[in-house]
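Structure below; questions to follow.
In this document, chain identifiers A, B, C and D correspond to the written order of the chains, with residue numbering beginning at 1 in each.
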Amino acid sequence: MGALNPNKTKTRMSNSTLLFIIAGIIFLVMYGIALLTFPLSFKQFQTFFDFFNLNAALFIVTLGMCIVMIGGGIDISVGAVCGLVTMACAVLLESGAGDIWDALFLSLGIGLAFGLMHGYLIAYLEIQPFIITLAGMFLAQGLLTTLHREPLNVTKPAFVALRSVRIEIPWLGTVNRLGVFIPCEIRPGVLVVVALVIIYAIMMKWSRFGRNLYSVGGNRQSARMLGINVKKTMFFSYVLCGLTAGISGFVFLITTGAGNIGNGSLFEMKAIAANVMGGILLNGGVGNLLGAPIGTLTLLTINELIRAAGVQSNLQAIVSGLLLYIFIMLQSIIMSLRDRKNFRLVLPSWLKLHRPVEGK
Amino acid sequence: MPSEIILKMEGICKSFPGVRALHNVDFVLRKGEIHALMGENGAGKSTLTKILNGVYEKDAGLIILEGKPVHFKSPQEAQNMGVGTVFQEIALCPNLTVAENMFIGRSRNAFVNWRQMNEKAAEMLGSLGIPASPTQELASCSIAVQQMIAIARAIDMDCKILILDEPTSSLDEDEVQKLFALMRELKARGVGIIFITHFIDQVYEISDRITVLRNGELIGEYETPELPQIELVSKMMGKALSDVSAMKKHEPPKSDDRVPVFEAKGLSSAVGVRPFDFSIHKGEVNGFAGLLGSGRSESVRAIFAADKVTGGEVKINGKRVKIKAPLNAMKLGIGYLPEDRKSEGVIDELSVRDNIILALQVMKGFFKPLSRKQAEEFANQYIKLLEIKTPSLDTPVKSLSGGNQQKVILARWLLTNPMYLILDEPTRGIDVGTKVEIQKLVLKLAQDGMSLTFISSEIDEMLRVCSRMIVMKDREIVGELSGADLTEQNVMQMIAQGGK
Amino acid sequence: MKRLSLLLVVMLVLSTVCGLAIAAPKTIKVGIVNLPPEESGYRQANVEDMNQVFSKANGYDAKQTNTADNSEQMAAAMGYIRDGVDYLLISAANASGWDDVLLAAKRAGVTVILFDRLIDTDPSNYQAALVSDMYYEGQLATDWVLANVQAPRNVILIRGQLGSAAEVGRSAPLLKAEAEGKLNIVWDGTGGDTWSLEEARRVVEAAIAAGKDFNVIYAQNDGMAQGACQALEAAGIRFGKNGKVKIIGFDFNRFALRNVQAGYWDADVQCNPRMATQIDQWIKSGNIPKGIVYQKEIILDTKTITDDHIAKYGINPDPGRGVITR
Amino acid sequence: MPRLKARFDRLSHLFLPLSVLVILLLINLIKGADYFKITMVNRVLYGNIPNILFGASELVILSIGMTLVTAAARGQDISIGESGAISSAIFVQYVLNAGEVTIWTILVGLLISCVAGIVIGAFNGTLVSFFNVQPMVATLILFLGGRSIAFIIDGKVSPILANPISNQIGTVIKGVPIQTPIILTAVFIVIVSVVLKVTNLRLYVEAVGINPNTARLNGINPKRVIFLTFLLMGICSAVAGFIAVNKVGRHDSVNLLKFIMMDAILAVALGGNSLSGGKFSITGSIIGAYTIEVLNRTLLRLEVNPEAIKAFKAVFIIILMVLASPVVRVYAKKVMDKAKAFVAGKAARQTGRLKKAVVSITDSSVKKEE
């Protein structure tokens, strides 16, 4: 018995870390299986890059959503705001009233305006976030249709030039069916994603705001007692999310080059699902920001898997729901095993280094 | 030692809907003194300190800090002005690390220097002897350690005024002494400390001055050595306390030959208590003694199946029964008043009435609700019986004081008329008057034939009511004392030596 | 470990169940990007038609991705291009933003054929487009109103999802006619994003409550026309063949055609979902036209409708002759 | 007097939803004084009010279930529309395959669809209660896949429910002057209130929603209670789906009850309920649901441009929620108190305070500021 005492128990892994690791492993395993099952599609590096290329806006929206979710809130207006921004910028650019910089400022401005509105109403007037951001969603959709309801391609040469920028990786690539070698390419939106991931990850880990947000998300009452300005922290989390949605709108525009009413539709649901798969809980206070891109990748891999497998049309939505179900169950089972403190029993006995000492 | 006044509060008033918490209270704190704030539950101690540290806003009055009138709108402002607080209910964030909990909300820097923070935290934890690592998630620490961390945080804040609201209620003797050493050191540095506790001995051990509140009003300020204990208690309660000492110890009827009311063999639960045997007879009051974390709460929780029971055999009146969930236990006539009132006892937003009838209602079943009239009758009956102070039956229980909340839970279990009632720390955080009332009630119930288990951190309290004491150490029963052997000396010895 | 292997097994099972088709030689590889069948009855007919025609038996190795999300559609299209399909068939959720995908297809030598919905891009970016001309449909309906309703023609317009191709196309001729003074739009409402029957009903109820005088209801799909009729019926306003108010719907649901046949409604405009056969012929014959090809579409009213029409052109189940779907 | 006050106390939580509803009705009255006019059309009551009651019937039923789920599970079920679509698809299939349609066919069909609703509720409930998944995430699964399931049950078409009985359920039964969905909704509300009366549902749900730990130690199984609320939600969505499909006369798995969860959640919030669980008021939610219906119709009545209709709806919701927000209410109370004190004058300062105390006791719904 005495021999046991000096063994200081190892510091227990935090929930955030554990969930993040689960998310990472799920993604890697799934991608591995995808590689084995559908090499035709997944073996091409471009497939991976295209996740980012084509869905940069979704990645960005997910980051913003991740921040409010860590703060214990929710923002379901992000998709609509993203859509509104694409249309507003498209109208601005097509009408010739502004150049690309104006469009960028406009997108930041719209995002900021929504963020400020949500933040103020939620943090300072203590209205339930779901309802306010639902109203924000309606507002953005309404403004969009009021602004312009038909699809609008941006044809401004300067913009088309920006949109066509590609970063090519000549040593990676594939030969296509015509026998032409096509190098992998990365679009400018991806750089924005990478930059934002780095900035936000640093912010959540090292900045005072980020840590305060974790504290607010974990327990609002305690955070207040600890001398954190809870309202201000919540306010900024929504402002940041709105701003991020604005950025995502701009990135969406430089990805597709057009304003559409359908742009960004249901992004909020996808962002929530992606974050949950990335180990960020809706309750708040738990999650690693890097889980957001991981979760998004998982979501996109599911889509690509369904496409590559050629799932029957009527089953596609069911299969993606089913896969989501499996991931959620996995997460939940691992977490509950850990709470029951016999998490280690999951390991087969031969993996254990020594048997636990019985009695004294 | 008349030193300069650091804080002056004048004419403080505060009311909540339906309750007048403070009325015209003055309070003075000097530099380098430990000032005990005393009073019954609901006397307004916590409210007063919460006004001082910015959690509540006062309705009227004046706060003068170092000669300047101040008005705190948030705990943050108060912290910045040098008012640090350790709250009664631990106010830390369980999802952050230990180090973060010690430093969050304090720095004005835009960024966190983790290495420096962890180093400083490690140093602090080391010097206070707190068994936690800075990088550990707070949720993985025990309640006592969390409490120590909260104190460490407040101490480190370089404050001029430190408010300790019941810091010792979940600490054991050793830890209390460590805390006192710290308090003395801070005092020497010139910090003014406001100390709130229900342990009168501790007040006399450490404090310089005492302010007594009663029913939200100021009774007076006294030098500690000049105020005899008995007088303090009577000032707090507003009546002479002759009956405290007059309480007689209750002797159970000789009962060795009869079948016990409750009997357990090899009982164990999922939270890691070693399998134990236990039995109790009709009309008996027994106790589980042991240090915090010795497994005393876990044991009684296993009896009630509050944690998942993993093994053992249970007999009630000699008949084998299965207790898998609290509802089974309740239906077999067992009641359980949990240790943690806030998170396991009350349902804070529900009304006093609903809280009182809850257990009875659940036992009656989902399809048999009490009529409103019946419910009100029951509730009123126990409000009267236990003298629960509440504005109305419909008041949410969270707006009652701690002691009254505890009485509400007690009423809930008495209403179910159990044959065996487990009380885990029923007197924690409760003023002396109510404590005595509860002790008397326990003895009366036993006389009426109820069996009770009574757990308390205060051994003398247990000695007063229990006729038999089970001693625990390291999650294991190490011995049992009764009759003439049951003395404080013996209990202490048994806890220290672990058996024999 | 157990969970992981479980996941593995599930994945494998799923992939096999869902018909992993390794490309067999000599089959024509086709990637179809379409909207989800759950979008509407029209879409279901369209999706099923595609699946039936582009089958293994017919010499195709086809996969279809169904999603209403533009970015997911693009991702799927890029996936098919990477897979090296021979033909890429696209029915786009949103009409713009496809330039990059089309260019990538061109670069990879994939023949792109648009169906059902046109994409707003340079026609050189795709080979052919077989689409329903929504504007033409709107024109058919507007002309019918002008020919069959005596002035003053007071119209209630019930739009579909604002900004969708169908809404824009079907609204334009009517709005044009109003601008030319040929008719009045007395009430302009929408069934919202879901082309909702209930919302259409509310619109008409509001118009009635506001005391508007109207004699035409121009609902941009059959469901909304149905909602409008329910509102009229509850208000005791006579409509249909012998009534004051004329009802026009779109899409050729069989129940709608039966309603027209019974004189309960007045007219319905076709929107043909069956394009696969035509595209199949193009591909098989190797003679794919260049540019936009509009499908021929018709309008049927109480005078012109026959059982043959209903059997041949209708979509969704047939309630049977004489059965009115309220 | 105290009894009266107590009753008033109990009703004070309805102040918010009622005031919002009244504001909207006032706007409508200003627009046209004939707003409340009811006439007889074909021996059936017709007018704005019957239209509102008719239009909101499904939403009312769903918001009842949503209130329970919100209170116990501290989260929302976003799959209610899908669940309604699936259970009504099963109802339609049963009726279509049953041969001759009698009232019994319909009733058995309703029963079967309720069972289907319960099964769906059990699926969601299992995830939420036994696997600790947050409700919104758990129900996201069916939200994604539910309509496809309904669609497959439908045989990939939208079947038509053209029989006289369904017709009467969707419109009016001959000789009854009120539309049947309104009657069904009323019956459902009565059943719910009876259930609340003869069971401990409210106490259990509130206890679990506020403090599951305590609830467990008092013999309530929180998991089972949460599970139960999802089952009830399943029944609610099955009934709502039943009414909706009979109204429409077709099973359109795509659009049936689409996006109605947003309105249902909004109804719960407008009813003065907290979306994070705990105490609940079903009456509030019902009023909230009717408020939303009135709001939708108000926008039409004001002849808002269809392009801008959503934006206007948003503005309305924001204004209503701001008016209802705790901060504004506390502030308004302070202003009221000051005004009262001013009126009372300096001489009667003492009595003024007394009044203040009375007011503060009365308005117990204003939470203690913490």
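Simple rule for what comes next: a contact is a pair of C-beta atoms (placed from the backbone, for glycine too) under 8 Å apart; a residue touches a chain by one contact, two chains touch by 3 or more.
No experiment lies behind these values; they were computed from the predicted model shown.
Relative to chain C, the most remote chain by averaged C-alpha coordinates is B. Chain geometry summary: the mean Cα position of chain C and that of chain D are 34 Å apart. For the pair chain B and chain D, the distance between mean C-alpha positions equals 42 Å. Chain B and chain C, compared by their mean Cα positions, are separated by 69 Å. Chain centres here are Cα means. That of chain A falls 44 Å from that of chain B. For chain A, residues that reach two or more other chains under the stated contact definition are 145, 149, 221, 314-317, 319, 322, 333.
Residues of chain C in contact with two or more other chains: 36-38, 162. Taken residue by residue, chain D touches two or more other chains at 147-148, 151, 156, 305-307, 309, 370, whereas all remaining positions touch fewer. All chain pairs that touch, listed by label, are A-B, A-C, A-D, B-D, C-D. Residues of chain C that touch chain A in their complex: 1-4, 7-8, 10-12, 14-15, 18-21, 34, 36-38, 47, 51, 62-72, 74-76, 78-84, 93-100, 107-110, 120-121, 161-164, 167-168. The touching residues of chain D, counted against chain A in their complex, run 75-76, 127, 131-134, 136-138, 140-149, 151-152, 156, 262, 265-266, 269, 274-276, 305-315, 317-318, 321-322, 324-328, 370. Touching chain D in their complex are the following residues of chain C: 36-41, 44, 48, 159, 162, 188-190, 193-198, 201-203, 205-206, 209-210, 223, 226, 230, 233-236, 253, 255, 316-317, 319, 323-326. For chain A in complex with chain B, the residues that touch the partner chain are 11-12, 14-16, 205-209, 211-212, 214-215, 217-219, 221-229, 285-286, 340-341.
Across the complex, chain A is touched by residues 55, 74-76, 78-80, 85, 87, 90-97, 100-101, 104-107, 109-112, 114, 133, 135-137, 139-140, 270 of chain B.
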